[in-house]
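So the structure is just underneath, and the comments pick up after that.
Chain IDs A, B, C and D follow the sequence of writing; residue 1 opens each chain.
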Amino acid sequence: MIVHIASDAPKELIQQCVEHYQAFVIDDAGQQALVTSSQVKKLDERFTSLAERTFAFDSDIQLASRLYQGGTRTIELPGGITVGGDTGHTAFISGPCSVESEGQIETVAQALQQSGIKILRAGCYKPRTSPYSFQGMAEEGLQILDRVRKKYGLGIITEVRDATHVDQVIEYSDIIQIGAKAMYDQGILRRCATIRKPVLLKRGFGTNLQEFVQAAEFILSGGNPNVMLCERGIRTFETKTRFTLDLCGVAYLKEHTNLPIFVDPSHAMGYAYGVADLTRASTAMGVDGLLIESHPNPREALSDASQQLTLEQMAQLRQSIVPVAQAVGRTVV
Amino acid sequence: MIVHIASDAPKELIQQCVEHYQAFVIDDAGQQALVTSSQVKKLDERFTSLAERTFAFDSDIQLASRLYQGGTRTIELPGGITVGGDTGHTAFISGPCSVESEGQIETVAQALQQSGIKILRAGCYKPRTSPYSFQGMAEEGLQILDRVRKKYGLGIITEVRDATHVDQVIEYSDIIQIGAKAMYDQGILRRCATIRKPVLLKRGFGTNLQEFVQAAEFILSGGNPNVMLCERGIRTFETKTRFTLDLCGVAYLKEHTNLPIFVDPSHAMGYAYGVADLTRASTAMGVDGLLIESHPNPREALSDASQQLTLEQMAQLRQSIVPVAQAVGRTVV
Amino acid sequence: MIVHIASDAPKELIQQCVEHYQAFVIDDAGQQALVTSSQVKKLDERFTSLAERTFAFDSDIQLASRLYQGGTRTIELPGGITVGGDTGHTAFISGPCSVESEGQIETVAQALQQSGIKILRAGCYKPRTSPYSFQGMAEEGLQILDRVRKKYGLGIITEVRDATHVDQVIEYSDIIQIGAKAMYDQGILRRCATIRKPVLLKRGFGTNLQEFVQAAEFILSGGNPNVMLCERGIRTFETKTRFTLDLCGVAYLKEHTNLPIFVDPSHAMGYAYGVADLTRASTAMGVDGLLIESHPNPREALSDASQQLTLEQMAQLRQSIVPVAQAVGRTVV
Amino acid sequence: MIVHIASDAPKELIQQCVEHYQAFVIDDAGQQALVTSSQVKKLDERFTSLAERTFAFDSDIQLASRLYQGGTRTIELPGGITVGGDTGHTAFISGPCSVESEGQIETVAQALQQSGIKILRAGCYKPRTSPYSFQGMAEEGLQILDRVRKKYGLGIITEVRDATHVDQVIEYSDIIQIGAKAMYDQGILRRCATIRKPVLLKRGFGTNLQEFVQAAEFILSGGNPNVMLCERGIRTFETKTRFTLDLCGVAYLKEHTNLPIFVDPSHAMGYAYGVADLTRASTAMGVDGLLIESHPNPREALSDASQQLTLEQMAQLRQSIVPVAQAVGRTVV
């Protein structure tokens, strides 16, 4: 249940209510709101005087629900980009799987600049499934991203893999990406709740939509309203492609949540050949953003070699989605 | 292995070869072709004189493979529509889940006509999972479709559920639809191999892409080249939507097979609210056709009530995909 | 809803009731019963005089439900074996994937005889996923099984692949096996409802438990009470094994249905090395029967080579489950 | 590749080799071993003098592979229990989902003692999917477990949820449980590699077997040889049960890895009614241990209420698996 607290409510009573329900209190765009479990359908009588307005829910999707806030919330991204709300914007974000060297990132940054792309993605802490693979450049990589950001005026999005370096990623990155394998990590979720930087939460590949949005509620209920969801493929019985991009799930999220929705077709497909088609498909669905892996030389990439586009393919793809976005009344930014 | 047989090859030797490999012989657009298991990588020496050209394959996707025939095969549908090849056509097919009455089908036919839609879909033999549900109007339904076809000049596609009525559906329908639950049914597949009418083969919801295309090979190797594939959602752990539309799979099929690809977003989503978005997504991928469920009064539908569009929604959707198709260089027919 | 019809109910009223609800009427162990959709929760007033007793259900699992008939139904198999009821019997059935020759089947039959196994399994119509693989010996195979049955006094279970040969399999086989890929085939289900021979219905690998039991309802509601369910692995994201044996599903079926439950670990595992462990696991769950693939020479098998046990392994396995069955109060037959 | 280093190898050359391959060096039961990626199939010539023996692998399952070490490794657990090796032991571990109060844990501890159960499980950091649910008693819970351990002489296993409290769990717990949702967490895995306490690694419900064992390699390659795997159900399309217990996967792990295998049927099933059957099934497979949820009053449990056994059911279950274990030549401890 979400309770909009009356402006003249006594602090002591609020505190009692918080303790009674083990509730969260947040500032929701100027409105003080108290959030309890959705199993609470009605406030206890002694607390009803607190409530200016109450919202009851069927499940623990509450702050993220369209039944609470209709429409998609507006979130400001780096590079002067805004997504959600009435903007009609679809953000195109690109870059390599991993930071491999300063030269590599500079080459990518130049290509992004030429294509009018404002945000660079690249990982420094790679959540590899084997200890014997390349694990990312860690803080050295973050420092490279920092220098390139300044030189090229790009926004940066990079991934946090586990709670041990979440502070570091928060310090360096403009958007915090919580990767698919870290999506349930409360050490990360709760830490990201204490900042205001936008957070891109990727769906775990074994995660259902209910759990996915509930993970966002960890951040929202802690006080950070700037959460975006990213569908990146779920694990199914089909193995000809790396994962299965769940655009039915995207339709569900658009209908039922107020969070901007991104799609990452690169990880879903796992092969460069399908990425352009899936990017256009996602664009035609009116999503708020796209995450496309690209690399100066995909064959030499230290991770995800098969799915990264060349910088030329990336530039062409960026170009090709403009008319698709227009056809559904949107603009690529 | 596919062997193009030399025009002067002795019939007796061909026959010996067929028996030796338990091979199929078909007329492939004027060229006599012999098809064996893909485990045969080289013809036995005594048969090499037969071969004008040979094609070896990694798997039993052979006649359907782009390694055999580059590009998508061209197939003529009713209503003067052609898909595949260089046509750049995306066929929009619509109609109710089930034939429920002649009046219902007439109402739909009029709506299709007004929207310029040439092919009507409607089921007479419903593969329901419960014996206690409405099972379809059977031959009476087929007769209704026949009368409406003549009156409105529409093409008809209807589904065969099991081998007991495959002859009947072949007699009445312009396109034979093999439903998801019947996809492995060799009684149906082998019968459809003996005709030339186009066959729309729907992917089983538990079927991987390899098996799906191999099911098409049952029809192709029996002599009917007019096979189209239809992705309609696979069964995954996600249950907020009825199935999960596998557009990664569509990207795979486009890259590796020469069969036209259709998409049925209605069954994948299971809810009317997501159908338009998924239809536009599929259109942006450049698929060859779309199957959209619509009904004069979805709430009263005897089957699939939640996922059918109203006729107005269907007409608007048909309109809205025109610019999306244009954006990717295609035309809706 | 199931309605036990009073013995003095007027035939005309019964007929009206059948037509009103499109209901089934069966003889349920001497009691005339009328079965409607489970959406009917209460009989219309004009029919209440018919009813001696009524049973309402949450879903279309009705005749198979423990809420209708507590305990497991008793079914007589060939070879003097009975399963279900209070027998505490676990039937061990074995044999090759496919009938390949009379000699092969004789060798297997002798091995079964020596191990005290009473029922032979072997397929004649193989539901292969490729047209280029061995498809089974068809009626010739059935005739071999018939001769071996007579010579060795074994019961026979063999599979029907599609409706075109269901009559043939019914004629030759003692137990009709409906394979995983044919599980939704109403041509087969409805035909098997008209006989009294026991039917072993295998779960489709993409089929959920609700649909699985509803498929059995097609047979039960048509008048054949002798249906047994067989779990044989479902398709999941895990590909190190062929399928994933769903013993949680077996626990569900034991709790909620009155049908005897069989397990086929061979197809689930796909590799001989895991079959013995999974057979013992299934035995410890107290299942009613086991289907184990064995072959005189697995490496040379024309189908399922990797998962068939040698006849020696099969005999040892049969031996090893005796104490496991005893440990849970059961007997292997 | 694993390289057994000759005892007289020069330290400098070892160091060069480590740097060249970014390799791990561990003490493997007295033998110094160097571990590289499995993509290394042959040592560079300048390093061959280091190697007493080398082991090459097809995949990054190396230290855990039976091709490296045949048989199951022996691991000492608290309470004087040993699993793996030639012990033939199946450890039975039980307790509530969550520590809820000291009284609750005492009640459980007494019941365990009466049944001869040596290890208590109970969670203090619950990886709930909603921020609005009970999240566990955290360090207060760990202190309760500590006191109860001392009073009743039990061993303790409790779960680490994320890297922020891994040190705390390592300090208090005898066995470190890494939960399904934390299985990819390198902050946890790498920290657990630096200790010698046994680690029970639960399979993620969306994790395939390859990734699962590779997660164990993070711990093994960091120097902790005491890793046990726990199958606890994977997420599939079947939703009548909470998850699908993958005993095919257990058969695979037993065949291909040298790590002791545990099974947790409680989380897989999600309902108390199936737990006993699945526990007996797992026992009959010869697993090394079992994790069974039990609670003094399951209906009142703050988490996992539906799947916990009463203490009486737990005691009966413990009893009932003794003859099953005997039937397969094993002993319950």
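Just so it is clear, a contact is a pair of C-beta atoms (placed from the backbone, for glycine too) under 8 Å apart; a residue touches a chain by one contact, two chains touch by 3 or more.
Remember, it's a predicted structure, so these values are computed and weren't measured experimentally.
Among the other chains, the CA centroid farthest from that of subunit C is the one of A. The interface holding more C-beta pairs in contact, when B-D is weighed against A-D, is A-D. Chain geometry summary: the mean Cα position of subunit A and that of subunit B are 37 Å apart.
Annotation: 48 Å between the Cα-based centres of subunit B and subunit D.
The geometric centre of subunit A is 32 Å away from that of subunit D, both derived from CA atoms. Annotation for subunit B: residues 206, 208, 210, 234-237, 239 touch two or more other chains. Taken together, the subunit C residues at the contact with subunit A in this complex read 235-237, 239.
Contact residues of subunit D toward subunit A in the complex are 24, 35-39, 60, 62, 127, 129-133, 135, 161-164, 181-182, 184-188, 204-208, 210-211, 214-215, 217-218, 221-222, 234-235. The touching residues of subunit B, when paired with subunit A in their complex, are 206, 208-210, 233-234, 236-241, 243-252, 254-255, 268-269, 273-274, 277-278, 280-286, 320, 323-324, 326-328.
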